[in-house]
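Below, chain A partners chain B and then partners chain C, in two separate complexes.
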Partner chain A sequence: MGIIGGALFTLLTLMVGAALTFFLERTLTPAVGAAQSLKLSKDLQLAHADRWMYPAGPVSALFGVTVAAAVLPFGPSLIGADLGIGAFYFIVVVDFVVLGVALGGWGAGTRDAVEGFYRITAQLVSYVVPLGLAYVGALMMAASLSTTQIVQAQRDVWFIVLQPLGFILYLVTGLMQAYRAPFYEPFSEHLGGGMLSVIGDWKALALRIAMAGLLFVVSAMGAVLYLGGWLGPWLPPPVWMLLKTFALMALMLWLGRRFQPLSTAQMLSLAWRILIPTGLLNVLIVGGLILAGVGPQ
Partner chain B sequence: MLLNLYSAVALAALLIFGLALLAAAVWRPYVKKLNLPAAWKQYRFGFPTFALIFLAFDMEMIFMYPWAVVFRSIGLEAFLDMLVFIAILLAGLAYAWKMGGLEWE
Partner chain C sequence: MQWLAFGLFTLLTVLGALGMSTTMSMFRSGIFLMASFIGVAGLFILLSADLIGLLQIMMYIGGMLVMILFMLLFSMDPGGAMMAGMKMSSIERLFSRGLKPQREDEDGGHSGQNEMNEEGDSDEQKLHDHATVQHSGMKMGGGHDHHAMQNSDDRSGQSEQDQPHHGDMAGMNMGDANEAHNRHDHAAMNHANTDHGADGQKNQEQSGEHDQMHHSGMDHGDMDDMEMGGMDMSMVTPARPWAAYLGLAVSVVLVGLLLWRPAWPIYNGPFSTDAPREIGTLLMGKYMMAFEGAGMLILLGIFGAVMLQRPGSHPSDQGRKAYVTSEENPVRISEDES
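Let's turn to the complex of A and B:
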């Protein structure tokens, strides 16, 4: 696709995805946590804000989702940059959102924002390992880290059929990674919205796009790993990819609403006592399946 | 080829930085002063043991990605190798759990 085409396609993916996510989320969920409305029309002046760290937060978060959108495939060659280490790269760059909220929260210098900084670090500690384990199952079957190869490996059967446990793990950890209900403690109402309530004007816009884009890239990666990405009959590939992404997103948002919001302590406990042993079990099951000759050859 | 791919990523990042700068230059809404107390106080940092175990497990994840990619071509041997690796880590997790490490302090 070339350098310029790839870059423009990445931006197009992010903007269209974030806009659709924004409207879907507004119709499906109450405006709490990462989905709460931000103060776009006024600039907030904080007495103790750091001059550079405070605006660096939203920019870092926006950077993270943009470069993550580069490896989302919408067709066999319709992808921003088909990196050989796509899935691993994706996990790494999405964490720039955590860095952004941490930087912005610390830089804002208010009590709630700094508390949000600690909470989001705790959230990172709880989701990274089970999320990685949810990826590893799909990677073992695809025998590649490239996102297009992962989709090609699902030509005969989607990985959701072969490893339902991994898919459930991805649903839970994906919600944690996207800070949607019930895992929105860093932006919860008893922190007064955390960092999101002390940010205004263009910084709020950047953070708004980053938060909507985050849910979009997380759902799109779920569609790539477990739902066969762009594969499907009759309709053109990009339509299938978008359909699967937003179906998965709707499922995640709907599931998330059915549970009480978890505190950071409960979330850490859930991740380390249940999700990580489940993830390791899933890796063993998938390994056994591959040795038994199941899956793409 | 590889350089081209990463150049596309870098160009996308540059474009988004440019858009953010543009928004910062153009968007000048009215300024509202917030008088909130300074952040210097004690916080409850309740997850030190989680953070320590996390380091060990995060390193394990780094080893797992290349292992997952070559798993099919190596087969049973790779499976048994990882079984030992996971067993050692699970023993560590069980130990931390039993010692009360998986608690919010």
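Let's turn to the complex of A and C:
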């Protein structure tokens, strides 16, 4: 697909994915944290909103998920843009989403929203290294950063079979990245919803799409990394990809609801004391497997 | 098309840098720096160095966000509310649009983005905490320390159920970083009432700032004093014209080089767009020692940071229990106001 085709495909992916995610979440889980529905009609006139940063937040978040959806492969050549560095690019552009919610938090200027900004940044600090380590196992076996190559490398056996520890790590860090239970502290009732309680109008719509889209792209990337992407016997590849994405999303949401919501301090502690050593152990194990000849050649 | 992209990214870079240096809000300054580096990343991508471009974006988004976070914890007016009401030059005003100036008649809880006033009644505590962090010897900080030290002495023989209360009172500190600093200063004051010399010097440097903090926190009606007879309070230092001229001179040199096109030596190796493979090969081959050495240094740095933040071993130090709140969910902020 050329540039225009790729761009349109990316937008289609995002819209379909975000819409399906929104409805799936609403039926499966109670709406807390980042999944809560926003009042689109009411836009509070905030007395101390930063007039540039506050609207920039949801725009940046929506931008982040849209360009992230460009590297999700739905078939052997059905991808928005097959970048040679697809997986790394994905991690980087999802940072734009974090930037977006952070700007929205600060920009709103209310006490709760600014506190949300602090906790969002702390959550970024906590999830980013374990997330990288969760990717690294799959990248080592695939010997490439390109998402289509990663899927092709799972032709014989999916990586979830070879790297279960990495998969569990991806579940946890994916939830942390997507601000869903049990990691939704910056948007929780402790902070009165943070920025979500004051945002309205087009900003709320953009943010809601971005939050739904974020869960979708994180789950889709998990399906690419660990569940073999579009590979599968009878159904067409895009259907497999969507099935795997939503299965992984349901698993993440279900598992997340089993646990008490964590405070930001607990998230930091969890990430730096448990998840990073787990990730390093995973890298060690995967390295051993590769040396032993297991996995794609 | 390439020239258009180049022009856009260059404009983003230069305007970002300009905005960073002229805006009145420190938060916006950090964001402008981020935008400027994203422009540079775009230039990298135009040069087919996509991996380096993305690395640039990744480091600067994450890095700037965390830098801004720590800046907010320690700075006086990160939102620019206090500076927004003052006279500034037109370019400063351009990049500071949309900042609400702090009003004199408004109370502590409602005054703009001002960091001290962000938390309403707990801004007193916040000031105290800043004072405690920065000037261990100052009277205000000392006052707060006495108060808290008394609490801690009372508490030394008490049961666990008072612990959350103490945590709540101290919980008016926003964020664990502040608490850590607070407790460390208690510890420091407990067994080292020394270094008044050093503190005195710090006090000297920062007493101006502290006075301003004190001033603005306690007495909003005196905002007029800062604008004494139309004196320009914008953030201009005597060095800024020199910086501007230096920048102009460097720009002239660069543009001259561009136009003159001297014969630089050019590396004649094969051009590969598979950057990760090239970098990986180099890091694991030719530069393995440097790579491993850098990793070892980072690891030592991490160990050092962990060591540095450990609680002290003095008997009167309350230890981790005093400042780690990971067992309890944070209290809703509005309920902290009493």
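Here, the second predicted complex is superposed on the first by the 297 of 297 C-alpha atoms of A that agree within 3 Å, B and C clash if a C-alpha of one lies under 4 Å from a C-alpha of the other, contacts with A are read in each partner's own complex, and residues count from 1 in each chain.
In the analysis below, a contact is a pair of C-beta atoms (placed from the backbone, for glycine too) under 8 Å apart; a residue touches a chain by one contact, two chains touch by 3 or more.
Since we're looking at a predicted model, the values are computed, not measured.
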item: Chain B versus chain C as contact partner of A:Ser37, first or second or both or neither; value: neither
item: Partner with the higher number of touched chain A residues, chain C or chain B; value: B
item: First (chain B), second (chain C), both or neither touched by A:Ser77; value: neither
item: Touched partner set for A:Phe63, first chain B, second chain C, both or neither; value: first
item: Touching partner for A:Val125 - first (chain B), second (chain C), both, neither; value: both
item: Contacts on chain A seen with chain B and repeated with chain C across the two complexes; value: 47-48, 83-84, 88, 109, 111, 114-115, 118, 122, 125, 128, 145, 264-265, 269
item: Chain A partner contacts - residues on chain B that touch it in the complex; value: 2, 4-9, 11-13, 15-17, 20, 23-24, 27-39, 41, 43, 45-47, 50-51, 53-54, 57-58, 60-61, 64-65, 68-73, 75-76, 79, 82-83, 86, 90, 93, 97, 102, 104
item: Touching residues (chain side chain A, partner chain C) in the complex; value: 47-53, 83-85, 88-89, 91-92, 95-96, 98-99, 102-103, 106, 109, 111-112, 114-115, 117-118, 121-122, 124-125, 128, 145, 189-192, 261, 263-266, 269
item: Residue ranges of chain A in contact with chain B within the complex; value: 1-8, 10-11, 14, 40-48, 55, 58-59, 62-63, 66-67, 69-70, 80-84, 87-88, 109-111, 113-115, 118, 122, 125-126, 128-129, 132-133, 135-136, 139-140, 143-145, 198, 200-202, 205-206, 264-265, 268-269, 272-273, 276-277, 280, 283-284, 287-288, 290-291
item: Chain C residues within the chain A interface of the complex; value: 25, 27-28, 31, 34, 50-51, 54, 57-58, 61-62, 65-66, 68-69, 72, 79, 81, 97-100, 110, 112-113, 118-120, 174-176, 273-276, 324-326, 328-334
